[in-house]
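Down below are the structures I want you to see.
Consider the two complexes below, in which subunit A is the common component and subunit B and subunit C are the respective partners.
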Partner chain A sequence: MEKLSYVGKSLPRKDALIKAVGAAQYAGDREFAGMLHAAAVRSPRPRIKILSISDTAARRVPGYVTLVTYKDIKGVNKWPVVLQDYPFLPEKESRFAGETIALVVAQTARAAKKAAALVEVKYKELPFLEEPLKALEKDAVKIYGDDNVFSSFVIKKGSVDEAFKKAAFTAEGEFSTNYQVHAYLETQGAIALPESDGGMTVHSTTQCPFYVLDAVAAALSLPYHKVKILQTVTGGGFGGKEDVPALVASHAALCAAKTGRPVKLIYGRKEDFQSMSKRHPGWARVAYAADKNGKLTACRVKYVLDGGAYSTLSPIVLWRGTVHAAGPYKIANVDIKTYAAATNKVPCGAFRGFGQPQICFAQESLIDELAEKVGMDPVQFRLKNLLEPGDRTVTGQKLNSSCGLKEIVQAVRKKSGWDKKIKDRRSKPEDRGDVATGIGFSAVYYGVGLGAKGRYLDRAGAFVNIYKDSSVGVNVGNAEMGQGALTVLAQIAAETLNAPYESVKVEEVDSSKVPDSGPTVASRTTLMSGNAIIEAATPIRERIFKTAFDLLTAMGAGASQKMTACGGLFSMGGKSIDFKKVVAECWFRRLKMSEQGWYAAPRTTFKMEDGQGDAYVIYSYSADAAEVEVDLKTGAVKVIKIWAAYDVGKIVNPRLAVGQAQGGILQGMSWAVFENLTYRNGIMVNPNFTDYVLATTADKPEYDITFIEKPYAEGPYKAKGLGEIPLIGVAPAVANAIKNACGARVRSVPLLPEKIWKALKVG
Partner chain B sequence: MPEMIVKPATLKELWKILPALPPARRYLAGGTDIVVACNGGCESSECWMDISDIPELKTIKETASSLFLGAAVKISDLERSAAVRKWCPALIAAIPYYASPSLRNMATLGGNAGNGSPCADGVCALVAEGASVLLELKGKKRRLPLKDLFLGPKKTALKKDELILGFEVPKRARLGAYQKLSARPYFCISKAAVAVTLEISGGVIKRAGIALGSVAPVPLYAAKTAAWLAGKKLSAVTAAAAAGIVKAEAAPITDARSEADYRREMCGVLLERALVSLVPLAGR
Partner chain C sequence: MKTGIIETKKGFFEITVAINGEKKELSVKNDESLLDALRRHGWKGTKKGCDTGDCGSCAVLLNGRPVLGCLAPAVTAHEGEITTIEGLGSVRAPHPLQVAFVEAGAVQCGFCIPGMILSSKHLLDRTPNPTEAEIRKALDGNLCRCTGYVKQVEAVKAAAQKLRGKGKRARA
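And then the complex of A and B:
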């Protein structure tokens, strides 16, 4: 491969300075002349029949402007997501406590909030569902279809019953995991500005500007070319700004359409907790079978997600969980059944890992239990069964050469001193009073991109434009949300064009400048937008390189010598010329200095009947070892160190990659040991950061991070995807470490001290 | 935020303007509870009376027999005070567990007590120190043992508009410790907390003060355990036995933060750890 100037380098983040000095303009920072403010009127109860909505009292608040209800919706009152069961605003029935029933518009945000609290909703309470497993029972109240099932999938291969009968060893267990709140620094928000032609421009904090476009156009019944979505600097997403910003923006747009004035709608933290998407609570029963040599022979899974009141992204989240439910192993006989159940709670959706962390916690915990029964070291047991290039996954997909799973497992094993630590702990348990130390392992695979279930969305566009002064503007359809997309994509553009990195600017998404590029999710941005940029930049590159060659030749460089291009400089035969001069000449020659690019993911397949097919275009891989200390008297856990290794293909920016890994590990650890959102009688108990406790940087374990770059031929400069995988394997590694430390096997996340204490008491 | 915030410069001015203020009114000191409650929609007074700069409430004063801690003194100022370091060992031990450094720069003991929460770290420590609370209403003063200020969760013996002036801690040489268990080891409300003070002579406990946080409807003075400890030699054996007694005194509940049986057990673990931590200091 030719030497790279920008890709593979730890170049500074494009947005570091504006964020560090507080100059970045988030949605809440933007002001427009004549702007009004909206606030939501929310359902107080888990399930109600709405009898009437009255603003009589609210009208007395100074600054009150109007009330917006479903009657103000010009379009169809269905938010277009997957199954279209979620109305923009409810008409007769509201299905979870915190759901927006109506909106109040006022001169100030304060007046809007005050007036919203005074809007009187008369209602009748209806019977509601809180538990997903109960929702699946025959005699349960029905709130979705005739079975409360949003979505269900199977994967079937071989003869599972027979394999279990023949098995030398089996392990089975029930596992559960709780919600996770995205806890982005910036809450949800949008500003909608009516345009003079009847159109609407929306400033939105979002990962998915095109979902916002779909929703606003639908709510207002406008053609897409009259709606423009401008992504504002987005203060964190983690999946929480995938689908729901479309709802928030639609509400702002309905208010703006009704009043004819710009309307700002910014969420408070409490309402953000109560009504915006979460990681699904999960429940799973998993069983594995192995032969006498410790080779996995079968896996049986029943996996249930608590979808909440509306389906939103549950079908897709569940599908990803289904595909990965057996873990990254060679298993001939598989029976996986999965369900997303409706309950009268907050609708759950995307969160880093997208349905995988819940089931991964279950199956990677159980793999340890099975290894113990077989009498093998858990790492040895995994190594015996892990997928390798050429192997087939449980969906029958044959893996290509970009699979470094065994190598990363070996790397973590070696760096963590696994073998010695396990041996030492067996032979001479150290006496440290009330504190016990332990180490645990996990291995993960992750299908990059949307896969077969989302394949119609798996394309992305880019627009690359070189101005006369040689500065480069790049528009893409995927969003920067803190993960570093603006930087990594600028590196890819600079590399392809041989433009100086400083001269390249990738902009936040403007839906009118690039075609619908799908969502910014599924660790797909580097791969999809990166490839689209390369496609756009390649013809420009040819023009630039040809022009550079001409200029160098004119300068007297011998044409027999090969021209090199590096770091914005073109050289040949001792002569050099920079990018700026070459671009000036291109413009002088009236060459086309802008291009559109497009990348569509290769074909994927999935048969609904048996779940067989090539589910994803490519997989990334991770391995984690966690070292923990357990206080034997209190059950309190401290995660001391995480060794992690990843195969995510070529690393475009090593410093940002390490940042993604550290952030994912900490977020995974936080979910594993702290985060505990609770409901009582259909009402969220702790919608605040006082009682919803999450890890801070003070809790961070020591990190030891390794990348083993297995090139992916289809990827931009051989890259795959990284965003999500660092989170997924942390919880089971920590749970396995707790077991190793003190013997307590805790089968539910969060791994609270209370649970460990109880397990220790039972012995 | 309420429509009106008033900021009297002196106590005298406060009592003078009080009758004219809207009836739904509350005191504002550091604001670390009331502003959060307001943002969460749980506080809807028409008027806040900001007492954070009233001089009488901002002093730390030593008399011959006691130390006065003004109700509006910031927690971080207490932490830096040499007198507090000398005479309030349990409070000093509790401060690192008290919210976060930034909140400690705003929060006050008066607010900590007036809020009436059973999990107040500062209050729990002061109860173990044997503190009294000084109150005033329209010029009329009264004094209560601090432990008697609390009647139930968020319920105090404070009359309408009655103001906490400060706390009096007896100046007696003692050791102090604070042990807290919470979801996160810092910047977090406790699941259970134990404050201990011990007056020791010749290795023998002369007087003990034990207070429990988050395991009863109020910051609980563990009178039985304290009485049992008096006259005992401070040792690991004594600590273990005291742990058994204190578990019977706690009256915890199950809520979003923890579970009753766990909390009860932890009172014992924390008390034992607190007492054991003082063993090496007892000989000095």
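And then the complex of A and C:
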């Protein structure tokens, strides 16, 4: 391959300075003439029959404009997500406390909130479900279908019962994980502007502008070409701005359509907690079997996700969890059954890892328990069983050469000083005073992109346009939400065109400029939009390179020599010419300087009967070692250091990649030890940052991050995907470290001091 | 000493404040937070992350000290000096802290950054050569959900070094 000018370099972020000086325009920062403000009227109880909604008292608030209910919906009252069970606004029944029942529009945000509080909803309480395992019982109240199951999958391979009978060693355990709140610092919000032709333009903070387009067009019953979605600078997503911004934007659009005025709807933090998506609480029973040599022979999993009141993304979150439920191991006999259950709580959806972290916590904890029974070091045990190129996953997918799993495990083992630390712990187990130190391990694989269950959405478009002055504009359909997409995609465009990096600008998404490119999720943006940009830029590149060659030849460069292109400069035979001059000549020759690109992911498959198939196009891999200190008197745990290694293919921007890794690790650690959202009688108890504790600078561990770049032939400049994998393996590594430190095996996340203390005292 | 605040109409007060060095008279509501007042009057760089004093996104400097704009009533700023993120620097002329945050890769989604930079400014005003522990303590009230908090600490260190260098040259 040619030497790369931009890809693989830590170039500065395109959007950092405007953010650092406070000039970036987030949704809440945008103002429009004549703009009104909306606020939601929310259900106070977990499940109610709505008898009436009255704004008599609300009308007395100065600045009150109108009330918007389901009656104002021109389109079909079904938010188009996967199963379409969630109405834009409920008609007869509301299914969770915090659900938007109606909206109030007023002259100011304060007036709207005040009036919303005065809207009187008369209702009758209905019996409700709080526990997902109880929801699956036969005699449970039915709130979805005849079994409360949104979705269910199986993976079946070999003869599991027989393998367990023959096994020399088995381990079995029940594990649970709690919610995780995305806690993006910018809450949800949208501004809808009615257009003179009857259309609607929506400014939305979102990862998925095309989901917003689907929803707004459906709610208003408008053709897509009359709806335009403009993504605003997005203050964090992590999955939390995948599906639900479409609901928020639709609500704003319904208000704008009714009043004929621009309407802004910005969520407060409490309502954002109560009503926006979350990481599903998970429950799992996992069992592994191994032969006398410590080779894994079988895995049995029952995995249940608490979907909440509406299905939203539960089916596909569950599917990802299902495919990865046995861990990154060679296992011949597998029996995995998974369920997403309906309850009358906040609907859960996408969150970095997407159904994997919950089951990964269970199976990677249990792998350690089995290693102990076998009498092997946990890392040695993993090395014996990990997937390698040419091996088949539990779905029967054969892995290609882009699999550096064993190498990253070895890298973390070495860098963390694993062998010595384990040996030292063994030699003096009781010599620990009041604070015990321990180290724990985990290994993870992650299918990049949407996979077989989302394959119809797994395509992306791009528009590359070189202006006369040689500056380059790029439109894509995937969003910047803090992860660095605008920067990484600019690097890819600059590399392909040999344009100076500074001259390339990738725009925030405008749904009218590019075709539906699917969601900005599943660590797919670099891969999908990157490839679409390359497809668009390649024909332009050919024209530019041909023109540069002609110009250099005319300048007297001997054509026998090879032309090189590097950093915006074209050189041949001692002569060189810059990008700007070459583009000017291209325009003079009336060459086409803009192109559309399109990339569709290779085919993936999944058979519903037995879960066999090529589930994902490619996998990324991670290994984590966590070192912790446990206070034996209180059970309090402090994560001291995380060593992590990743095979995510080619790294496009090392500094941004490290940022993603550190951020993912901290989010994983925060979930593992602090974050604890609780419900009592169907009501969320702590919907705020005072009582829902997030890691701060005081809790930050040390990080040691290694990338082992196994090239992926189909990826843009051989890249795979990175965004999610750093979070997934942290919780089990920390749990395993706690076990190593003090002997306490805690099988539920968060790993709170009281649970550790109890495990120490009671066992 | 503060002079009396004028109530212009029921529930509205006119306060006199210096915002980023410029004297302003702002009409604020009796129960309005400093954050809402600033944003309503156009200083949108100050962000609302929680409105309960937990996240630090709304931090501004009032008479040189960081306050949480969401908890401080706007009227308490009467006759005070306020520094918002816009007062530190601009795209054309960024403050060394803003440059350091950019160069260290400390900015991801960016929503927490104005508050975090102002907390850092307050630290460096008092402590020109802070230790890592001091930086971490100073930023403990600023939540960030994107990063691992490493690059902000590095940015503050780098900015401190640059500002100290500048100070020396200025004195010389």
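One rule holds for everything that comes next: the second predicted complex is superposed on the first by the 758 of 763 C-alpha atoms of A that agree within 3 Å, B and C clash if a C-alpha of one lies under 4 Å from a C-alpha of the other, contacts with A are read in each partner's own complex, and residues count from 1 in each chain.
What we mean here is this: a contact is a pair of C-beta atoms (placed from the backbone, for glycine too) under 8 Å apart; a residue touches a chain by one contact, two chains touch by 3 or more.
Model, not experiment: these values are computed from the prediction.
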| item | value |
| --- | --- |
| First (subunit B), second (subunit C), both or neither touched by A:Gly189 | neither |
| First, second, both or neither for A:Lys700, with subunit B first and subunit C second | second |
| Contacts of A:Val233 with subunit B and subunit C, given as first, second, both or neither | second |
| Touching partner for A:Gly268 - first (subunit B), second (subunit C), both, neither | both |
| Residue contacts on subunit A - larger count, subunit B or subunit C | C |
| Touching partner for A:Pro90 - first (subunit B), second (subunit C), both, neither | neither |
| Touching partner for A:Lys633 - first (subunit B), second (subunit C), both, neither | first |
| Which superposed partner A:Arg655 touches (first subunit B, second subunit C, both, neither) | second |
| Subunit B versus subunit C as contact partner of A:Asn688, first or second or both or neither | both |
| Partner chain in contact with A:Ala117 - subunit B first, subunit C second, else both or neither | first |
| Common ground on subunit A, meaning residues reached by subunit C in one complex and by subunit B in the other | 268-269, 688, 690, 696, 698 |
| Interface residues, subunit C side, partner subunit A - complex | 39, 44-55, 57, 84-86, 88-91, 94, 98-99, 101-103, 105, 107-114, 117, 135-137, 139-153 |
| Interface residues, subunit A side, partner subunit B - complex | 110, 117, 268-270, 633-634, 636, 638, 674, 676, 678, 685-686, 688, 690-691, 693, 695-696, 698-699, 753-754, 757-758 |
| Subunit A partner contacts - residues on subunit B that touch it in the complex | 1, 36, 39-41, 181-189, 256-259, 262, 265-266, 269 |
| Complex contact set, residues of subunit A against subunit C | 10, 12-13, 15-26, 28-29, 182-187, 233-238, 268-269, 481-484, 655-656, 658-659, 661-663, 665-667, 688-690, 694, 696-698, 700, 703 |
